[in-house]
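Think of it as A, B, C and D in the order they're written, each chain with its own count starting at 1.
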Amino acid sequence: MNLQEVIDNNLAKTANGKVADYIPALGQVAPKQLGVALYNLDQNELEQAGDANVRFAIESISKVIVFLYAVKQLGLDEVTKHVGARQTGFPFNSILNLEIERAQHPLNPFINAGAIEVTSLIKPLADRQPFEQIIMFAREICHDPQITLNNEIFESEDRTGDTDRSLAYYLKANGIMQGDVTVSLTTYFKQCSMMVTAVSLANLGAVLANNGVKPWDQDRLISSRAATYAKSLMMTTGLYNESGTYSSIIGIPTKSGVGGGLMSAVPNRVGVGIFSPPLDQAGNSVAGLGALGDLSTDLKLDIFRY
Amino acid sequence: MNLQEVIDNNLAKTANGKVADYIPALGQVAPKQLGVALYNLDQNELEQAGDANVRFAIESISKVIVFLYAVKQLGLDEVTKHVGARQTGFPFNSILNLEIERAQHPLNPFINAGAIEVTSLIKPLADRQPFEQIIMFAREICHDPQITLNNEIFESEDRTGDTDRSLAYYLKANGIMQGDVTVSLTTYFKQCSMMVTAVSLANLGAVLANNGVKPWDQDRLISSRAATYAKSLMMTTGLYNESGTYSSIIGIPTKSGVGGGLMSAVPNRVGVGIFSPPLDQAGNSVAGLGALGDLSTDLKLDIFRY
Amino acid sequence: MNLQEVIDNNLAKTANGKVADYIPALGQVAPKQLGVALYNLDQNELEQAGDANVRFAIESISKVIVFLYAVKQLGLDEVTKHVGARQTGFPFNSILNLEIERAQHPLNPFINAGAIEVTSLIKPLADRQPFEQIIMFAREICHDPQITLNNEIFESEDRTGDTDRSLAYYLKANGIMQGDVTVSLTTYFKQCSMMVTAVSLANLGAVLANNGVKPWDQDRLISSRAATYAKSLMMTTGLYNESGTYSSIIGIPTKSGVGGGLMSAVPNRVGVGIFSPPLDQAGNSVAGLGALGDLSTDLKLDIFRY
Amino acid sequence: MNLQEVIDNNLAKTANGKVADYIPALGQVAPKQLGVALYNLDQNELEQAGDANVRFAIESISKVIVFLYAVKQLGLDEVTKHVGARQTGFPFNSILNLEIERAQHPLNPFINAGAIEVTSLIKPLADRQPFEQIIMFAREICHDPQITLNNEIFESEDRTGDTDRSLAYYLKANGIMQGDVTVSLTTYFKQCSMMVTAVSLANLGAVLANNGVKPWDQDRLISSRAATYAKSLMMTTGLYNESGTYSSIIGIPTKSGVGGGLMSAVPNRVGVGIFSPPLDQAGNSVAGLGALGDLSTDLKLDIFRY
């Protein structure tokens, strides 16, 4: 099955999901789109098919990038003082899980509370605000200098982001967040509004798969330990509260975003980027997961089997 | 680092945990014990060191065996109608997670509620009660004909198992459990009271690592799909509510039991069995996890890296 | 408005509720019934209208009787060591509230967990089992020697009472319940299956309203302190998780049961018994609450106003 | 027992509590203070003893005033569309109760989420902002023209009020709050920072006890229905999550505040205001509740008995 066949086999599934519409700019995205990009480490080359060059909002996949950047800046030991690595059965935006656990820190960096906490850790440098640092790092790790901020999406996220504000003030009230709430949220909403493509995400996945070394120029960007840690988190908590479910049937470390993106990394094999906007109930791309499942079977990518 | 060095490097950590003492028969186990067994698929041989032949109660690791047996008897599709594969951040014996989720089935087969549900699915055969079927299967998959029921432990588990009774009646009350509560619980308490060794568990891990084929005689015992599914569950929910944490730092699909056992499976590489009674707060063997971490590093077993 | 007018004004509301049908014996009760009985302490006489002499299952209203009997036998100080007096916003059969609160005892004696705990406190006497003691006390406090156990209902309650079994084992597992679970539950299911009338309940209410002295013979049956305590509980937690709602619009200490009964006590004024089977979503009699609201307005019974 | 004896009997209990210190201005209050004021409707006169004229921050007792004012401005039917009257077993600042209940509105107006919601309903009038309206109403219902805003406390509340911000944004995110979050919170923090005395609170209690008519000038200020409703709420949810407990042993509708105030209303009998800063674990004045218990016994005020 080549990539075009994967597209053909799954495009119709876009009818089974619903494009995120909590902000107008996302709701207007054409639903019947599917793009797949695959970075193969063996041959060191990237294949693509379908809508793999269409730009879309990265949304929650930015949580991986910002986590990696925070670890690069502060070290894994420091970051993990502020956020755990525990799986959670609750929705990504749950406050309840914090209150029940009487947690001293958010359960993991891929739920909103944890991601906001990680963003708040990034310090301004002499000449660059946190978001500037983040977008520069995103361009590098995605091998995509054209990643830009979509201001319309950012402003919508900011305007409607009251659940995130509620989470952030909860963190602040409980002494978990040190940084300024408004500043941290602004950075967080901006990081969610970066525009990427399936190709960008395949590159990101390839760096993770390649244990932190960019395969296109053989330079190390992040530590092997950080890359390993991130792939584990993607497996145990990357697909919202259905992470365990997809782990057991697809078996590929993957992070999703409500913009319709999926980013996967199979250690030492491939990085995958997928784009298809309609989402299932848990917030994951329907046709995208179909495509990923096909790739897993066809290329023997399930890490619990191969 | 050979296995004896792993033992030497971690034995002192037994002082950092606490032997389970909710029943007398467990509380009397000598704490300063550590045994490691490693079944290497490449060389098709089993190494062992330390207390690898000491018998101990399998406890929660039986959840893997019974899940596999239920799948063998009923098929994965049928079993997954009754129990999910979702990660959960709650303790293994939480009722709360059922009530909050208003779940139609337990989140996964490795929390107590899910395990009891799976046990209740196993049907008596003409000549064999469920537990007889289970112990025969356990002997086969562990390559250990000497696995027997410890009656003292079974009776203690049965006598003190009120939390499990509470969970089982909750399942019954909500129409989730079809079988008889008392019969199912008796079977469940018996399965927890089977006596195994680190060697038995290494053999079990080796079957999973070998995708369902027993490496010692090359016969397929369970389907590759069931083996893959089980390894994924071990990764996302095998170490109680710290599963995500250990996934991110050790990276090996593992199931623990409060008897001090750990059973791991690295796909196509090795099966591991470990025994060391003192437990951490989450209920996992302290020195056992130390030993597993050393093996992961030394043999390059982290599946998110290698 | 005389009592017949109250009946006429509310009988049609029976169409707005649903008769409890979790057990067949309850589901077969004719829905279009409404009976009201009012024991007036001023004139020391009891009025009645409609179906005030129809027998029905007391269900949760027995929680008041058994609480009073336990206090009589053991003293209020002893009983309140085992069960609190806290309001709760959760459903009566919630386990979650126990687990969240990590409570050392059930929140109050009118949720199922608390009621089962109170029942478990009652000790067998030389010649009488707990239930025999309870039914004799019920006959006395209700001034109704014809209260008997409905065996069909008891057996149904026992057969379907898995949620209560789950709660009881939770209490046992957490060291809260001292007594035997099965014995306590049998007593509990029997107490719920006593057959009363609106007249019996008006008498019970009158003893509470009269601060523990039976108005029909002027003998003290329970302490004034116990009567006061019970009326407070009826106000803060007597109508399941809508207790506060009805407190604010009716203002009369009241306990309901899913058999369709309501029992109220207005201090020094009246006792009220009502019977009408169809229930609202929270489990309270719809037409019964309509009738009680009319009585409150008409006789100026709201204790927050008069 | 005259009021001075009540003071003498309870002053030493100030040693058993802890002055609120989440903001410096509260933490600096001298702990060994106890003031009691009693407005007797029969004799239409106010007695006082001890520190009854010391000014302190009204804190949560303002929730009663603002609820009454909102009802006066919008009607009870409109207000109760936005906030329930349900008791809750959770702490006053719990978010969890909102998420578990998947509530369409906060459970009641005396938990923080409900109080903030009520505050947000108050509309600016041509010439007066909500807080100006509130403080004018407070002066009138407390018969105390000297009630002023304590700016230091307001600023501290505002600076540290992140839990309230978290709650408010949760309400906003879920479409429950219509008003502006920041504006509503500013008003809310100001209302909590009004400075009252035990005498002011006894007057407020007297208006409630007198069913909405100010006893000092016989003018009706609020409807009888609103007064009744408020007294019920004070009983079922006025003393945080120990409301039921104190209802059962004191039996007087009461609202507390962490400034050390208690405000009680016994229908048609008395209004009570108490001030004593040290609080118990639930946030209620220790010596204040001691004094209120003495008054209840001595003056026969328990509404479930007399």
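FYI, contacts are C-beta pairs under 8 Å (C-beta built on N, C-alpha and C of every residue); 3 or more make two chains touch, one makes a residue touch a chain.
A quick note: this is a predicted structure, and the numbers were derived from the prediction, not measured.
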item: Shared interface partners, meaning chains that touch chain A and chain B; value: none
item: Which listed pair, A-D, A-B or B-C, duplicates the contacts of C-D in over half of its pairs; value: A-B
item: Centroid distance [mean C-alpha coordinates] between chain C and chain A, Å; value: 55
item: Mean-CA-position distance for chain C and chain B (Å); value: 47
item: Sites on chain A at which at least two other chains make contact; value: 96, 100
item: Interface residues, chain C side, partner chain B - complex; value: 94-96, 99-100, 162-163, 165-170, 172-173, 181
item: Chain A-facing residues of chain B, complex; value: 84-90, 96-97, 100-101, 107-108, 211, 224, 227-229, 231-233, 235-237, 241-245, 247-249, 251, 253, 267-268, 302-306
